[in-house]
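The structures considered in this document are given below.
Consider the two complexes below, in which chain A is the common component and chain B and chain C are the respective partners.
Here is the complex of A and B:
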């Protein structure tokens, strides 16, 4: 059987990445083999640099090259609102829409007894401390709209209630650009219950 | 805007890989960030090692850690047959079916005036030399069954004709497990023209 040790090892490493099956891994590995040395070196350097430089922010737990992160340090941001998300990439999604001006708090996942993730394994205590320290008027629970995200939101809501802070949850409803036909029953129920009266200056 | 320099650079490098869009690149980059250092180091090392160790075989032009490659060196293989393929990964596909016992020759692509690939940019001279050196009875042209692969096969056939060697081309026809309904017209034409009489010991 045709077999190149180091190539096989690379294919193996690549299949460990999310969404990369054996076939994609092979295609990627052969591509890397054919790349000029310089180009492969750039990829290697980018991986090494990201692992060296990027740490967690000690306040919000988001990925950052500095501590505190630029968002936690930014005096122009609204420090009275904290948006709680599961993962660092969720912060990226919010920042991209340029709609939110408050701070973040990254839990590091959602409560999931099946996956062995209990509340103690998440960054919940640090969130409570931030709220206890005062100045926070609203906590937006932006965990995923799935079972685990909902359970986490309910758990956090109960903890935050005693701290006299407004707690909100992202709106559920129909996704933009969708087709009613493809909306599942829960989404449609949410959309119906959360319906809003239309006014003159209706925003899309 | 939320922006981490080194993360952005990694995402950028990853999007240069085939089949990796911006979204996949972001997912991969965040995954790499979350990996233990050791695991990311393994990926980096696998890329570096493959680039250091894997070269081209000076006989068949296939990727190999040794020169000549293990296939060209293997005395058990049938040295009178050469299977000509476009890329090194094609050798992998043939070896996997464990059906072929001859040698290979990797062209490094197919003739494509549109992509600026002319016969001079392919490893054609070295193939002719191998045949001229004698001992080769058959050359199997296993270039892709697309326009460029067909053109390359015809080009090679003309060159090889004068060298008094048998030249064959992979059979065209219906793919296994397929449905007649999904066969394109050219494939169906090939399948009809290449039809074979069934015998007692018909092999599937």
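Here is the complex of A and C:
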């Protein structure tokens, strides 16, 4: 059988990437192999540098090369609103629509007992501290519109309620059950503009 | 709605097959395991994207082959569309309509089909699972967001059960954590029950038309929803009202749920009774009555789909004649007479009248070959 050890290793690494199947991995690996040495070196260097330089912001937990991140440091932004999202890539989505001028808070996931993700494993305490420190008038819960995102929003709402801050949830109309990532810019803008104040749930 | 032709490659026991169909009646004649049921299955798969016999898609691929392909021209609302379905081993089925990739779940591109088979009697005889499945399938046709609501509900149910198991082990109550799941559990569960009740009422009114014709005598039919938190007379409530009842009941079983480490009430536990002339068909119906009831239920499904689509779905009869007397088959065909396309798989045509056979296109099937 046709087999090259190091090539196989590269293919294996590539298949671990999200959205890359066996076939695309093979195509990418052969493409890389055919490139000049310095081209491949640039790719390796880019991966290395991003891992070395990009850290988490100590305030909002977003990815950043500086700490605090440029958004948290920006004096022109509206510091009385915090938009709570699951992942750093969600910040990119909101920034892209240029509608939102407030700050962010990245949870690092959503609550899921099945996957063993408890509230304690998320970046929730630092959010509560930010609100307790004052100056925050509204918290927008922009977790994904799926069951985990919804459960996380309801959990956060309960905690934030006692801190006398307005808590709102992105409007429906987002692709139900999906990822924010799959919402287009118009839908996301509508969801943001149409956000509603959350209401008390029936406690069992 | 009808299927004009089919091309089959490496599906079940067929290697390569091209058939042209009649827009009315098509009969597949063949002995046991010659392939007539496989042909019915291929047609169903092409129209709906899934099999009615198995969930294991790889079993659809011919023995020792790597993939299957199905193609065919189907008519929908006056337009002919090219339908294709293919599957490579260890991969996902790929569906194309007019060369465009279409998700299998997208019901706007289905060739609607209802398959009658010997298995149907389980809807009447079997456990609650079969009846829920039957009801939920129709509900998701009539209310497309039902599939999504049910999908979300089962996710919430799983998450909630994990938490309840944890509570049982530790005997503590992370109320804040439960809240997020409880509120979705109540909301989604109530929406499911609301839609099911709606469909059950429609189904019952369809049945009261169909059943007497099938039995040849007048009879009374009732479908009674057995909910884990509603009473029998609560069959026409708003979502809000259903949710309130659900909420009241779940508060009562709260401690018990922790003791058992699982969700004890909700639509995942529900069932419905089929009562014909005051007789609960599942418990007291005769074999013959149960079969008639199953056919009546499927015919009611045909009728509800016809109302929804404005067109009769394609009807597939898998080996029904061997299991049913001819009179019922004839009645069944009368109900859709002259309008829909029908495929019948049978061992022999002896029971069919000459007149009927003359109007039909007949295919003889032997060992995966057709003449």
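The rule we apply is simple: the second predicted complex is superposed on the first by the 173 of 204 C-alpha atoms of A that agree within 3 Å, B and C clash if a C-alpha of one lies under 4 Å from a C-alpha of the other, contacts with A are read in each partner's own complex, and residues count from 1 in each chain.
In the analysis below, a residue touches a chain if its C-beta (ideal position, glycine included) is under 8 Å from a C-beta of that chain, and two chains touch if they have at least 3 such contacts.
In this text, all values refer to a predicted model and were calculated from it rather than measured experimentally.
In the superposed model, A:154 lies in contact with chain C only, and not with chain B.
Touch counts on chain A: comparing chain C and chain B, the chain ahead is B. Of the two partner chains placed around the shared chain by superposition, neither chain B nor chain C is touched by A:128. When the shared chain is aligned, no partner comes close enough to touch A:191: not chain B, not chain C. When the two complexes are overlaid on their common chain A, residue A:117 makes contact with neither chain B nor chain C. Note: no residue of chain A belongs to the chain B contact set and to the chain C contact set alike, using the contact criterion stated above.
Within the complex formed with chain A, the chain C residues making contact are 148, 151-152, 155-156, 158-160, 162-163, 166, 175-184, 186, 247, 250-251, 254. Of all residues in chain A, those touching chain C in their complex are 111-114, 118-119, 146-148, 150-155, 158-159, 176-177, 201-204.
For chain B in complex with chain A, the touching residues are 1-7, 9-10, 12-14, 16-20, 24, 26-33, 37, 39-44, 46-54, 63-65, 70-71, 87-89, 91-92, 95-96, 98.
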